[in-house]
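These notes open a run of structures that come right after.
In the two complexes that follow, subunit A is the common piece, with subunit B as its partner first and subunit C second.
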Partner chain A sequence: MVWEPRIFKDLHQIPRVEHVFPGTPLCAGCGGLESLRLAAKILGNRVVYVNAAGCFTNLASFPFTPLDASWLYTTMGSAPAGAQGVRDALDVLIAKGRLPKEEDVTVVVLGGDGSTYDMALSSTSGAITRHLDFYYFCYDNEAYGNTGVQLSPATPYGARTTTSPCAVLHPVGAMQEKKDIFEIWRAHNPPYIATVSPRFPLDLEEKFTRAAAYQGPKLFLGFAACPTGWLFDPAYTPDVARLAVECGFWPLKEAINGMVTHTYVPKLSPVENYLKLQGRFRHLFEPTLQKEAIAHIQGSVNAYWERVNLAERTG
Partner chain B sequence: MDQKNQMMMTGNLAAAWGARLAEVDYVPAFPITPQTEIVEALSKWCGTGELNARFVTLDSEHSMMTAAGAAAATGARVFTATSSQGLLYAFEVLYTVAGWRAPLVLVNVSRALASPITLEPDHNDVLAARDSGFVQIHAETCQEVVDSILLAYRIGEDPLVCLPVLVNLDGFGLSFTREPVRLPEPEAVRDFLPPFRPAHLGFKASAPQALGTAVLGGSTYSYFRHQIHLASMNALRVHEQAATEFEQCFGRRYDVVEGYRIEDAEDVLVMSNAFASKGKAAVDAAREDGRKVGLLRLRMIRPWPADAVRRALRRRRAVAVLDQNLSPGQGGILFQEVAACLYHDPERPRGLCSFIGGLGGKNISEGEFHAVFEQTAAAGKQGQGIGPVLLYTEAEHREMEQLQFLAHDLKTGR
Partner chain C sequence: MAGAARGAEPSSTNIKEGPAVISVRFHGRGGQGAKTASRILGTAAFSEGFTAQDSPIYGAERRGAPVSAFTRIAKGPIRERGIIICPSLVVVADASLIGDPAARVIEGIDERTAVFVNSPLTGEQLHTRISLPGRLTTLDLTEVAVRELGKRSALSALLGAVAGRLVGLRSESIDHAVAQELADLGVDASIIQRNQTAARHCYEAVSLVPVETSVHRGPGPTPLRVPAYEPPTRGTARITAGPNSAIRSVSGWRTYRPVLRPDLCNGCWLCFANCPEGAITIKPDGKPAVYYPHCKGCLDCVEVCPTDAMTVERETDVTNK
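Moving on, here comes the complex of A and B:
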């Protein structure tokens, strides 16, 4: 089945209105911020962002914020519980007539991969189980970025971070496979989950628009190409984000009530094209070519898409 | 005093009644012994509609405190409760919500901390939270638990304070002890405690605001943290006013400290919470033996009522602080605070003694109190304080040795 956007077929359809304004303290070329900017065009400004500790915590630095929506910084491990408190309080205050219905706001958790994949899992699992009506937006830059790029459970095999260096005992860098948070969420049976990339803006806008129809927990995993952590020139953020999808490394997909659909089927260009753009994988290519490591990464990508094809043929 | 609405109830049920009478909007919860009865009662009342509030079970105390703070920051009146390990699990959030200036009431049912893991009370849990920015009120009786929760909302929600408040009661000794409690009439409570309508809090579509934002640089940070300190200090006079109105409404008076037979006392024993009742009985017994002793119960721990403590303890021959907590490598926590606020008084007691007792629910016997009074009097006469002295009887020591022998035998198979 080929996925077709229902609304967003042309770039001109993307709302021109901005809700994330320029001049943030984030790094130049932050792919996560680009995703947030596109997301906010659909989410609007009747929003409260419930933030977990991470790069985006810098967005609201007293007395500035680049957002025209509300903001609540919580902790690293409990932003979804913060969302629970805000949502519940809004519901109670509206029901008791203490807050006019038209003052209601959408609750959006804003967390990085460190929080999303590990520390806030208990809090997230609880919120999904309680069927909390909220969005969860994760900017996934595959490392603890704000602390200077350390290994996170989202770091892929072969990536170099400051705590998974290319070393004599482990020359490939990170030895783990990236945790599959999409499937962890899906096992909780929320109504809507999607991955997005800012280089596929129509796909992104379409998904945020679709998700609005569903009440309950809605996850967006935003690919956050990270010049600072991944060691590439900020000018290449769009290329890195595009190639991550084209080589099959970052599948674009959604799951509605558990049913997974891949929203873009890439031609699967060799992963080397993607890896070579980034300093975090440079040790795989020089001073000696680590053929096995590159083959391992390619093998994982191929295996993923073989499973997808099999599922779609039989499904 | 009329006996209407007087019921026998546990400290836990009294805490739940405090929340019910305060007509809270939201109860995020997580079970932990010995607190659980509180959230069970509230869950039942939310289910029957006797309390018009939303009850939600969170996945941990860390999440529970986050939800509590976030709901209060949105403008709801929030109640929650925990104990011991739960309070520590929520620890970073205590500081966070105090910084949000989100008034809510947290009941802590004191229980000693692991390890070794246990269920019985002491105050290492609640005193660990003393620097969080929460106002702390420690209750001795079930009646005081209900009343303190109403006072806590009144104080925390006052624009001069705007801080969360922790009300402490002892696990087991109070949480599971039934006492007669006079429940205030809901109408009278509404007069005493106005509805929560915070001007500075809330997330509205028409008026976006950012809360808990990052700050860059120590001067901005210092400013905000010092604001919390000033607000907490304001709670002393806000408490005074609230207590006066409370007395007018309900006929019961609470001060930041409570003196018991203290007027003519030469030596004073300082205690807090439910074991203070044992201390008062010990004072009565000592008085019968001809000792001029009294007891000072610390009721408000944060803000620290330095003036009230100083007024109560100056010109005494000797003062003994009985801490039901232990800061390893230091001694009693409250002893330090009492000593610090007496230092500059030219008429400070001649002897200042530190006793550690009741750890993990250990009883404090009449004999131990007798020893405390005896040693304190001697310290006063000699002009030299003692401590920290651990209260531990010979019988308890023998019992412990037997357990050790048994453990050794089991280990070695003999």
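Moving on, here comes the complex of A and C:
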């Protein structure tokens, strides 16, 4: 079954109105900021952002804020708990008649991968289980970026971070496999989960629009190409984001009530094209070519898409 | 190298006997190599037999964020620690930092301080645009980095070489220090060689200004005062007033600026969709326009443009607009 967008078929449909304004101290070429800016065009300004500590801490550096919505700052492990508090307070106020129903706002958690995959996992799990009505937006740059690019559970095999350097005992860098948070979320059976990439803006806008129809947890995993942590020139953010999808490394998909649909079928170009653009994988190519490591990455990408094809054939 | 240590027999420079310390403060943006430059200078001085000390300071790890680094050089032991308030020499990797109060470039500079600025302008031209009391010297290191190394932010060896020349270190020790410090960072041997060549060029090209040692030129103790009461309405910033970050300019982050050629633009909006900052707006005629005070110069718009209508121009002015 080929997935078809219902609304966003042309770039000119992207709303011109901005809800994430310029002037933040976030890095030039931040893929996470780009996704958030596109998402906010759909979410609007009647929003409370509950921000887990991370790169997005820099969004609102006092006394400045780029948002025309509200912003609540929490520790890395407690953003979904913060969202629960905000949602409950709104519900109580509306039930008591102290807040008109039309002044209700949407609660959106912003978390990096360190928070999402690691520290806030139990808090998120609790919120999904309680069927909390909120959005979760994870900007996944595959490392603890704001503290200096340390290994996180989202770091893929073969990537170099400051705590998984290319060294004699582990020449490939990170030896773990990236945690499959999408499947962990899906096991909780929330109404809507999706992965998005800023280089596929129509896909992103479509998914945020679709999610709005569902009551309960709506979870998004955003590919945040990171010039600072992944060691590439900021100009290549769009290329890195595009190649991650095209080589099958970052599948674009959604899961509605647990049913997974891939929203874009990539051509599966060799992963080398994607890896070569980034300094964090450079040690796989020079001074000696680490063929096994590259084959390993290609192998896990191939295995993923074989599983997808098998699942789609057997329905 | 970190901490203080004593190297081989000192050579003759303007670094005097006794407690006099040459203190050098580097200012750059994250990713430009200010920290590595301070290490190169320290290592070079150490290899000439001086006592040296270097340390960086930075906040959140971000490209573009102001970074400072400090090197102290002396013949005897260095008792001072921590940041340098009153430097003998200030090395500025990015002229746009001078106007940024958070970067604290002008702190402790007086008419006896030597100031090096990475800029295509001469010292006199720079003097007319910004008021810096120190002895100014300039060189366009970014141009050298782009030409010799193909990377606009690869300034560490060049900054180290310029600072080394100004404090009076030998070219060979800079050469050696560049190799050692870049190798420590895992830089490829061929790239180290190109860095050394570029550094040698800058070492020769920079025009000299006198650098004085400083024993202690700190300000006297400030008398304590009881602050007057301000009502919270006056004393607190208004943060309920919506997206006020837009009043800040990020122009100073740019090395290059995207420039739209309207005749080539097909109005596809890819640049508008892919600008992480939201610095590109759509005009009533459906064509994009870059609002430069909000553009950090990441050049994502240039990369996605299917008709090459977005072109690249090098920023040359001290204060980007």
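Observations on the model:
We take it that the second predicted complex is superposed on the first by the 315 of 315 C-alpha atoms of A that agree within 3 Å, B and C clash if a C-alpha of one lies under 4 Å from a C-alpha of the other, contacts with A are read in each partner's own complex, and residues count from 1 in each chain.
Just so we're on the same page, a contact is a pair of C-beta atoms (placed from the backbone, for glycine too) under 8 Å apart; a residue touches a chain by one contact, two chains touch by 3 or more.
Predicted model only: the values in this text are computed from it and were never measured.
Superposition model on subunit A: subunit B and subunit C are shown accommodated side by side without a clash. Of the two partner chains, subunit B and subunit C are each touched by A:N58. Note on the composite model: angle subunit B-subunit A-subunit C, taken at the C-alpha centres, equals 90°, rounded to the nearest 10.
When the shared chain is aligned, subunit C comes close enough to touch A:P198, but subunit B does not. With both structures placed on the common chain, the touch criterion links A:L93 to subunit B but leaves subunit C unconnected. When the shared chain is aligned, subunit B comes close enough to touch A:G126, but subunit C does not.
In the superposition on chain A, A:A143 makes contact with neither subunit B nor subunit C. Once the two complexes are laid over each other on the shared chain, residue contacts for A:D68 go to subunit B and to subunit C alike.
Of the two partner chains, subunit C is the only one touched by A:P238; subunit B is not. In the superposition on chain A, A:L26 makes contact with subunit C only, not with subunit B.
After overlaying the two complexes on the shared chain, residue contacts for A:L11 are found with subunit C alone; subunit B is out of touch.
Subunit B and subunit C never share a C-alpha pair closer than 5 Å once the two structures are laid over each other.
Counting contacts by the rule stated earlier, residues 57-58, 60, 62-63, 65, 67-68 of subunit A appear in both its interface with subunit B and its interface with subunit C. Across the complex, subunit C meets subunit A through its residues 30-31, 60-65, 186, 188, 237-239, 242-250, 253, 268-270, 272-279, 281-282, 286, 291, 294, 296-300, 302-304. The residues of subunit A lying in touch with subunit B in their complex are 45-46, 48, 50, 57-58, 60-63, 65, 67-75, 77-86, 88-93, 96, 98-99, 102-105, 122-123, 125-126, 130. Contact residues of subunit A toward subunit C in the complex are 11-12, 14, 16, 18, 20-31, 33-34, 37-38, 57-58, 60, 62-68, 145-149, 166, 198-199, 201, 227-228, 234-239, 286-287.
Residues 25-26, 28, 52-54, 56, 58-60, 62-64, 66-76, 78, 92-93, 96, 100, 197, 202-206, 208-216, 220 of subunit B touch subunit A in their complex.
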